[in-house]
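Below are two complexes that have subunit A in common, paired first with subunit B and then with subunit C.
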Partner chain A sequence: MSSHTTCAAAATTAVDLTKVKPYGDTMNDGMIQLSFTLPVPYGEEANEAAKILAKKMGLDEPAVVFSKDMVGFTYFVMYGKCQHTVDYTTIKVTKVEVDVMDRLECEKYIAENIKRDVVIVGACSGTDAHTVGIDAIMNMKGFHGHFGLERYHGIQAINMGSQVPNEVLIAKAIETNADAILVSQIVTQKDVHISNLTNLVELMEAEGIRDKVILVCGGPRISHEIAQELGYDAGFGAHTYAEDVASFVLTEIVKRKLI
Partner chain B sequence: MGLLSQLKQKYKTLSIVGMAKNAGKTTALNYLIEEAMDDGVVLGITSTGRDGESCDLVTGTDKPRVFLDTGTIVSVPVKLYDLADAGLEILCMTNYSTALGQIMLCRVAESGYVQIAGPVNTNDQKIMCREMLAYGAEIILIDGAIDRKSIAAPDASDAIILSTGAVISRSIKKVVEETAHIVALYQLPELEDGNARDLILSKQEREKIMLIKGKQLELLDLKTGLTAGKFLDEAIDQETDYIYIPGALTNSVISDIHPAKMKQVQFILKDPTKIFIDAMHWQQLRKKGFTVKVLENITVAALTVNPHAPAGYSFEHEALLKAIRGAIDGIPVIDVKLGGEFSETI
Partner chain C sequence: MKSKLNLDPKVIDSARSSAARIAESMQTFIDRHTTVSTERTVLRLLGVDGVDDVDTPLPNVVVDAIEDGGGLPRGVAYWIGNAMVQTGFNPQTIAEKMAAGELDLMKLPMASPAEAEAKILPLVKDALDKIMAQTEKRNNYLATIGEGKKPYLYVIVATGNIYEDIIQAQAAGRQGADIIAVIRTTAQSLLDYVPYGPTTEGFGGTYATQENFRLMRKALDEVGEEVGRYIRLCNYSSGLCMPEIAAMGAIERLDVMLNDALYGILFRDINMQRTLVDQYFSRIIIGYCGIIFNSGEDNYLTTDDAYEAAHTVLASQFINEQFAVIANIKEEQMGLGHAFEMEPDIENGFLYELAQAIMAKEIFPKAPLKYMPPTKYMTGNIFKGHIQDALFNMIAVWSGQSLQLLGMLTEAIHTPHLQDRMLSIENAKYIFNNARAIGDEVEYKHDGIIQKRAQFVLAEADKLLREIEKEGLFSTIEKGKFGGVKRPRDGGKGLAGVCVKDDTYFNPFITLMLGGAK
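Right after this comes the complex of A and B.
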């Protein structure tokens, strides 16, 4: 099998999107670099173990290009040729569909369509103590040159920080008549972020405010698809900035006539 | 006669509520769908989340797909329409938008697998069920999402089917304990007709916390009970007989209320889905003399058990069935993987 594919691969420079393979030096060579540690002493046997493992992972011609003695453990860097392909043309990812407005456009949109201050309460809830996500979206200085919601005229951004119990977050949202709640979940163990996120939805339903508030979650393990399953209006993954969230919340307020 | 045919005589809408994610809701749904096919019942199928995809979004484990028979009325969002291998006749486009696009109501024209999703909030769900009945569904099954229990609320459906299983714990004892706790909560006594009930109902739409002292009703100027324990403690005095809380009952609502006052006051809730207190804390509160009644409780029409957990362990079918049946009276319990002998137990 491999001899046939390598022959064909050598001859082509164009990408076949129905059969995408990793690119090393030439199209479709399938080259992959991986690194890992095995709990075995450094030596020839360790290298062999790493190669056998890579073979089992489906890599052709595995080679250990670097290994290091970690005292009782061995660290490896390996190369190998991936035999699998991906049909890129059939991939569908559900994303939040909104025309992203920049900060100034958002401010103009509020002035023209909502005509009052929009209140957004955000927190990193449950056991999670990592505020990096919610800060990136809410803090005035923002992240990567994208200013946070606190900088937006017409948005009253309330960042409650980390380890905020769901009840406290909801009490705040009710007290401030919030238009939207943003929840961030960065580091959680054993999928505890899932039960924490559903608990928030359930509490909001019980308090009778679920259909009055736009509910958004975000974090590296969150996708829009999971958000829907959990009962959220939107989910934002990595590489999301304040304007993405603001654009969604603002257009949703208008769409749902929550003005 | 199958379980579904019996349920159909009593209820129009049934919610399938899971004790946990992967407790076997979809398996229970499929079980009832199969019965409907055998008995020629026209089903309406919807979901508070998403159903029928083959792989779990969170755990990556396999999920049961949903096969629908000709004639079934089903809610499908635009983006999942193309993914259905059943032939779907579009009946109407609803106003409910979800992360997967607008929801359409469809009739299955050619049987096959369908991915289902429905409105995410309970109010929309309720209205849509009425539309589905109007299109000819005889009974509607609402599949819950994850462990979301708000769809158990009595105004969302006529009765519920509670799915429980090995996924809750590796110990059968714990599975039984947690399940019995939820069933007990759902069957909490309703506040009897009389002065207190009339007073509460007269002001219920204000969504305020109320105190009843004899024939007097006092509305508290409080937007929510959450984190307001201290305030409630001050508001309750020696004359207070009842306290009505329209929203959620959590530890932060009651933790600051003085034990003597807890004992003296009868707590009233709208329905059991408002309770967010686990089995252990609940027992501790009961010991302190804390009592709760609800305006409306929940009819648990049946329990389904799934002895397999996606984490790989499982219980003996018989052992789990027996333990659950031993702990819960008067509700049919079905092993969805085994099926069969429920009819004698009804």
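Right after this comes the complex of A and C.
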């Protein structure tokens, strides 16, 4: 291969960040894979319907690579070339802004900056019965090799478990003089988590403790942006470990002078 | 049969005997008590149904009135029998008149217990006949249209709307599902009543009501006849209304019910005294009508570590087995639970899972084991998730599991969509067919990783059971030995609904069902 062609090939691999498209195997090919079901009987007409739909979604050259009869429904696997682009340079995402400390650094931070035990109360509140999230953050064992808050020297972690009414969670926070409340929400069907999270904020305001406690929510469908909209100090999504939450809570205690 | 895992039969016997003594010692406590839900179950079996003008179910209206009048220690069977003697009304009319404020059971003249029992006995026998007719209908379906091969493909629907559930369940049946479970709405387990009628609003699931049971049963019978394969229906006999829902399941011909002696205590914070008394009657009903119960040991592994806590699963299976023996449940109806929940990054994790699954099958050879899919380490990467489910399916067919709750590639994202269920059925069918006889063909290296793992878990389970026997089940739970969850003896929900029986208490259903009445 001559140096000339190498150079030309290199030129076409450059990304234009103002016009980003999906990448299959060639820059800007726009390749997207998708799968879905239509409530129509299996057959040629079903495939055609899927292709028309994909075109309306902005996919050129839509191809049904697989379809399956589900008796009255048809399942499709498709590819198509996306015609839309995104200006990556103008994107702003709200994230929890904190330098994450590991467990030992958190313990040192408490000893040096807070100089007392930090009390953190957590629960899966409302009707939610799934404790996997709150357990991963709070229980001694933690998750995926990341120890939970119970393991941290200087943190008194109280995991109240599942289906804890918001009133009971708040009463516990008041009773233990908690620095922070962690609330986990896994079930999001029909947005039940939104109304429950909102209710917790309202109750804390009514009790007059909203400003005195750092309020954090988490769950696979939770983002920091949603959390802030609902009146929380932070929200953590999937792939969060105890040290992420601890780092935020500890630095926030110091920042807000809640020592 | 020779153990391929070289398990020591003496250790198995020791563990089983400890579990039997644990269950027996609890039984003396159980026999002295009844609960509000046990008593409401008697009413449901006697045909009391419907709600009052503020939607309180009539079984609750009656039991609450008897409890308020201090009559619960004698049992509702007496009070209803007595009211029939005194008024000539049937139980439903008695309940309706109580709801309308026209009848106070506590103010009627009192017949002798023998007279009251004799009066309701024909109704009890009618109820048992109706249940037996449903059991016979199931047997007839199995004999005529047949059933799928084991492991049964077990899928869930959970739309919140029974009519939407029916569409999804029928589609799943046509795609090859053998068992459909309708997931219950979040928090129903904590309601101390069973809602009434068809329901269309639920979170993460659909209310378990008798009408919803009936509608789904009918829908599955339709599809079963269409595809030539009986499709089993599963729901939850758990929570504060455990025995009532077992009765509804018996009446509406459910085939599988989740029912665990310890689950509600650990994972729903239901009072331990309440659950242990409730599970007794619920299991008698389940045993009587041929329902397969599913115990919930798999849940321990979502809160505790699947590698380190494996022996707690086995210990709990032994305990659930022995409670079932006391309730006269056949081994063929014991769907003891376990799960594929080890961290995927563990080296040789597949071998450990395999060892534990085969161990369960060797120890409970006739029990239709319920095997639960990976959930804890499902990430949202649906492609990897599909492979995790494939490994799980591989172990199931290899170790001879019976009730295979299919893993969904979209676990940790949403309740299953139509296509998720289709893909998971396809995954399981492919693997089950492709590796059908692998379990018969393969033996394990003497003292290799697989044998040693199984022997270790069994030895640990035996040790734990001996500790529990010494300490008592209540204190073991108080110390957090199961699922890493601690529960106080007098804590949790539903304790107020537990009541000491008096000398004249009778529950005719328990006697007749245990006796296997026809």
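Here, the second predicted complex is superposed on the first by the 248 of 259 C-alpha atoms of A that agree within 3 Å, B and C clash if a C-alpha of one lies under 4 Å from a C-alpha of the other, contacts with A are read in each partner's own complex, and residues count from 1 in each chain.
Operating definition for what follows: contacts are C-beta pairs under 8 Å (C-beta built on N, C-alpha and C of every residue); 3 or more make two chains touch, one makes a residue touch a chain.
Computed from a predicted structure; not experimentally measured.
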{"item": "When subunit B and subunit C are modelled together on subunit A, clash or fit", "value": "fit"}
{"item": "Which of subunit B and subunit C A:51 touches, first, second, both or neither", "value": "neither"}
{"item": "Superposed arrangement, angle subtended at the Cα centre of subunit A by subunit B and subunit C, nearest 10 degrees", "value": "100"}
{"item": "Partner chain in contact with A:37 - subunit B first, subunit C second, else both or neither", "value": "second"}
{"item": "Winner by number of subunit A residues touched, once subunit B and subunit C are compared", "value": "B"}
{"item": "Touched partner set for A:103, first subunit B, second subunit C, both or neither", "value": "neither"}
{"item": "First (subunit B), second (subunit C), both or neither touched by A:238", "value": "second"}
{"item": "First, second, both or neither for A:167, with subunit B first and subunit C second", "value": "first"}
{"item": "First, second, both or neither for A:206, with subunit B first and subunit C second", "value": "first"}
{"item": "Touched partner set for A:21, first subunit B, second subunit C, both or neither", "value": "neither"}
{"item": "Per-pair minimum CA distance [subunit C against subunit B, superposed on A] in Å", "value": "12"}
{"item": "Residues of subunit A contacting subunit B in one complex and subunit C in the other", "value": "none"}
{"item": "In the complex with subunit B, residue positions of subunit A that touch it", "value": "94, 96, 165, 167-168, 170-171, 174-175, 191, 194-195, 198-199, 201-203, 205-208, 210-211, 223-235, 255"}
{"item": "Contact set on subunit A toward subunit C in their complex", "value": "35-37, 68, 70-73, 75, 127-129, 131-132, 135, 139, 141, 144, 161-163, 187, 189-190, 192, 220, 238"}
{"item": "Subunit A-facing residues of subunit B, complex", "value": "21, 48-50, 57-59, 79, 97-100, 117, 120-124, 145-150, 153, 207, 223-224, 226-228, 246-248, 250, 252, 273-274, 276"}
{"item": "Complex contacts: residues of subunit C adjacent to subunit A", "value": "160, 171, 174-175, 186-187, 189-190, 203-204, 267-269, 302-305, 343, 375-376, 379-380, 412-413, 415, 417-419, 422, 484-485"}
